[in-house]
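Shared between the two complexes below is subunit A, which pairs with subunit B and subunit C, respectively.
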Partner chain A sequence: MKNKKVILIFLLPALVFYILFILYPVFRTFYNSFFKIGAFRIKYVGLKNFREIVKDEIFWKSAKNTLIWAGASIVLEIGTAFLLALALFNKIWLHRFFRVAWFVPVLIPYIVTGIIWLWIYNYDWGVLNTILRTIGLRNFVVPWLGNPKTALPALIVGTTWMWTGFNMVILLAAMHSIPHTIFDAAKVDGANSFQIVTKVMIPLLRPTFSNLVVLCFIGKMRVFDMVWVTTEGGPLWSTETVATYIFKRAFKWNVYDLGYPSALATLWFIVIFVISLILGRLIKGSEIYEY
Partner chain B sequence: MRKLFGIILVMLIIISQLFAAKVILKVWSHWADEENKKAVFYEVARRFEAKHPDVKVEFTWYQKTALKPALMSAIPAGTGPDVFYYDPPWTEFVTEGLLEDLSDAIDWNNVEPWAKEMWTMPDGRILALQLEAWSVELYYNKDIFNQLGITIPENYQFTVDEFKKVVKKCVQAGYDAFSAGTADRDYPGFFVGEMLLLHKLGKEDMEKLYDCQLSWKDPRVVEVLNYWKELIDMGAYPKNILGIKLGESHRYFYQEKKAAMFPMGAFYPGRAFVPPEKGGQPKDFKLGIMLYPSWPDGKGNNWVLLSPGGALAVSPTSKHKKLAKEFLAEFTNPEIGALWLNKTCVPTGLKVDLSKITEHRDYWNMYFDVHKNSKFFVGLSNIKFKGKMREVVAQILNSAFPAGLISVKEAIEKLEKARLEYLKEQGQ
Partner chain C sequence: MTDFKKIIIFTILVIYTIFEIGPFVWITFMSFKTTEEFYESPYSLPLHPHFEKYPVVWIDYNYSTYFLNSAIIVGGAVLIILVLGSMAAYFFAKFSFRFSEMIFQIIFLSIMFPPQVRLISLYQMLVEYHLINTRIGLMLVYASTQLPFSIYVLRTFFESIPRDLLDAAKIDGCSEWKAFWRIMFPVARPGLTAITILNFVMLWNEFLFAVTFISSDSKRTLPLGVMRFLGEHYEDVCMVATGVMIAVIPILIFYIIFSEKFIEGMTVGSIKG
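Take a look at the complex of A and B:
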């Protein structure tokens, strides 16, 4: 009993913080989504905000962009990270240097990453267009962030560059945690390197992949800073994400209503929660490997 | 020893009580990185505190994007500032009652009539003190114009046909006709189109367009958009217009000299008249100002859009409303108006003691000469349009259209759809 009290005392500060700054705002947002909220007037509107979301073209556009971003990032970030981790696991030349170099972008804040990519994609003097001009591919020179067809892919490349290192480090740690005897046994059984990777390593890394997929998915479903620094959702909403749209609806549309943006946030929270659960279940599978 | 300790204790208590008695007047403002504007605020605070020794003015400087959400939550909760920077596009502050009435607090004779009028409500309340105001200007590089043999008309205004030739000449010579960047602002890409619309439609119909009462399919609007599109298709704007930020568009014009003209707000001097090493225009740069082109049948060829910039307001939940209003009244002094102009080079809604203007006299002479017959119309797309209409105008007319990404027909379809939706939302 005494022990429980001590535990509670130790937990209390974190618990209070959690309730005040996480639980309360989340539930308040859920609650607000059923109201039209002015500065001094609050009016209950039931499900009206949610019904309006269904007809909201910009929301659907932003939801589509966000889902594309999340889906593409899962493949690009984790796929690339796996290849890089594999290279480091096999101790390629300068592997210690590359381990640090590939991880560094994770340490850079989103805002700075946004500015870096803004410069890389600059039409006149950005490094990408400069290279294209230098090697005679002038026809491929475009304003990467100013063209609705290239803006979203260009930003996805930016976040992939940023987060691949993080996924790589996690995968590398997971690879190192697999007992070497398993690989030796596979070799003895006649497996070649490709088979060892695909038939032994990847299945054993499945729980790690599962966690990374969910983390990557959640991260991209909330992406805001990168867009805000570079395109603010343009051109023609081609890079609008749900997070930037919620912010615009709350603070940029010259309409004081915090109810509708709350409904958007609530709906998006549910979408992220449900898809994360499904993704986690799908990838994790039912097998548990013990070694 | 004990006695001494007692005396010190009593003195400390008295001193602490004295400080505790001081009223703190909280001012939250944008312009965290604009020392010249802050200097004006500090001077006003100094004068105010001299008159009110029991009051301390406490400033919190923000960037605008962070300030708005802070105000929106703090003012209704009663934890906000007494005086705050107010940006006119935040029109919801008016409708939601977040601005205290200032009608009886200020000597409005020391405020420009348009500045008073724009904040005067139908019921007589006056809701803000307009500090900044900038007209939409068309600057040009005199050297480039001389090199291309372009002469500005005596009235500083080309006709639309003449202007088309000017744009063509600039583009053929390898210059962009206009420097512009919309990466971090939702209005400068629309300057040329918006001024052409105002000149064509005149004040009344422009107001109707802003109020969504005039269709984007109106033949005059279509004619303007077609004309503007012709300029765009000639290559009038930088190819990277969507990737250029406001500050970069300034440098594109006067440092890189890649564009012959620069449609920009009259806050231009605030950035251009700093030393070149700090991003200002080169000492030998020859700046000119002209008027936007006139239409043969234009109803508003002498009108100029005037956008109210930063204003000041008093919070309705302030505990020191009277003091807050007195603080604002301290601004309405022609000496402060002159100080503002000298320090910031940005036009103001405060009346100015012209005898005290000491900085950039040539520029101001040119500015007032160009505008000797101009009439100023308070409005700009990012202030006038609301809700989805504002978003669509920003995405289409500020970005996609000048970038050449969208046709006139597509633009009109999207704008008209947003207009009808807006009217439906308003129950009209």
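Take a look at the complex of A and C:
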């Protein structure tokens, strides 16, 4: 009896709030995806929205862009972060300062990151083209965000700039949590520093890598702001992401149908869920090294 | 490591730091220049700083309104999460019933949900309940967005508090309710601080929900204000830079003072496997 009262007081408020603002909306989106939803009329259409998605070239283009974004980010962000963390782990000069400084971009809004990179890539006075002109590589000067070939890689560099510090901090903390005796033991056994990193440290960091890969993946699957402030998906859909496409179909194009974008969101939700679970399992591996 | 190797690595790290921090220095310079000065020499120091640009942006370009809206909406959301989230987390840490673990797992999984899967249906809901284009509507959405993760993180904090503390309080005649607010809540303060910092930064920077649910200028949050300002003054880059600075300065100042706390807050929950 008393336990029931506890449930009521402590859990119920959050639970009601959660059901109202998360579970219900999610299921409503699933439900919506079987309808055409105009401003005044709602019509059941069965699986028609999903059949349309299969033929929707813009969706496939945006899905491809988003997956490229996620894949490239996982390698670039976590790879760079690992090397940086390794340098700081070895207590290089100013390592405390570096750690605090590299983390700054994590704190600013994506909108600001977008503006920063919009200006770095500016054709006339942007930092990148200025550097290229100064060192005599005039042939490489292009409008980075205006060219369908360079726009997506250019934006990926932007998000990498933003999130590498975050990954670095977490890897560094994980490195510090490994007992030092393990490294000493490896040294006694005659391992050189390269072997210690690849054979001892990386396997021990596997659960952390797994977390970071999933976090990075989920983060990139929802990229919206960065694109919205810089290219709005252009030129020629080269930076269109699924997130921007759903937003456009729901609120920007005057097609007056919330059903189709709901179907897109539902499909994308399933894709994210399945891939995250697989990624998490795959990297974590069956063997967990204990220390 | 030999000294030579060390110097090379150190140089690379310095270059990397310029890459990470340089843009902020550049934008800070821009924010004190006029756009004419900027086009003459984009990278020079602001030798005659135009401090007056800040009050102009703050007052004439409505940034004070955006700032206030952000503060109200984010502050409210963070408070809601703090109260509802810590109570629920405490429950999951110290009590259970038949389905409690299952409910927790569902809440935990919803951390993965992309915002797009709620965007359209929340829009419909807010329209139906006349909460569209209101601060309170966005505040509620924001609170729900960060609630699952906050419950997940706070649960581990409450679990680490020894049971004896609670039992002692009860022997002294405290009810569950009083024991929570008088003892558990204060003891869990490091965790509550960390999660509050995280929620604050994430929501202060949020854009997608804000741009979808808010349409009138008087209710815009800072990221929306910056975005609109960029749209209207695209060529006046230095004015945009001043606006950007106003949006990021509060967080940067707090970060400079409490950097360790901030890093702890922003990475809480991601470190443990």
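To be clear about the criterion, the second predicted complex is superposed on the first by the 285 of 291 C-alpha atoms of A that agree within 3 Å, B and C clash if a C-alpha of one lies under 4 Å from a C-alpha of the other, contacts with A are read in each partner's own complex, and residues count from 1 in each chain.
Following the convention adopted for this analysis, a contact is a pair of C-beta atoms (placed from the backbone, for glycine too) under 8 Å apart; a residue touches a chain by one contact, two chains touch by 3 or more.
Only a predicted model underlies this, so the values are computations on that prediction, with no experimental measurement involved.
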item: Superposition on subunit A - do subunit B and subunit C clash or fit; value: clash
item: First (subunit B), second (subunit C), both or neither touched by A:L236; value: first
item: Touching partner for A:G38 - first (subunit B), second (subunit C), both, neither; value: first
item: Subunit A residues touched by each partner, larger count belonging to subunit B or subunit C; value: C
item: A:S210 touches, of subunit B and subunit C: first, second, both or neither?; value: second
item: Touching partner for A:F21 - first (subunit B), second (subunit C), both, neither; value: second
item: Contacts of A:G146 with subunit B and subunit C, given as first, second, both or neither; value: first
item: A:F251 touches, of subunit B and subunit C: first, second, both or neither?; value: both
item: Which superposed partner A:I58 touches (first subunit B, second subunit C, both, neither); value: first
item: Superposition clash, subunit B against subunit C - the stretch among 74-82, 128-136 or 272-280 that is involved; value: 74-82
item: Residues of subunit A contacting subunit B in one complex and subunit C in the other; value: 250-251, 258
item: Complex contact set, residues of subunit B against subunit A; value: 68-69, 72, 75-76, 89-93, 95-98, 182-184, 186, 238-243, 385-388, 390-391, 395-396, 399-400, 403, 405-406
item: Subunit A residues touching subunit B - in the complex, by the definition given at the top; value: 38-41, 58, 118, 121-124, 143-148, 230-237, 248, 250-256, 258
item: Parts of subunit C lying in touch with subunit A, wherever the complex brings them together; value: 1, 6, 9-10, 13, 16-17, 19-24, 26-27, 38-39, 42-43, 80, 83-85, 87-88, 90-92, 95, 97, 100, 103, 106-107, 110, 112-125, 140-141, 143-144, 147-148, 151, 176-177, 180, 201, 204-208, 211-212, 222-223, 226-227, 230, 237, 240, 244, 247-248, 251-252, 255, 259, 262-263, 266-267, 270-271, 273
item: Touch list for subunit A against partner subunit C, complex; value: 3, 5-7, 9-11, 13-15, 17-18, 20-26, 28-29, 32, 84, 87, 90, 92-94, 98-112, 115-116, 119-120, 125, 127, 130, 161, 164-166, 169-170, 173-174, 207-208, 210-212, 215, 218, 221-222, 224-225, 228-229, 242-243, 246-247, 250-251, 258, 261-262, 264-266, 268-269, 272-273, 276, 284
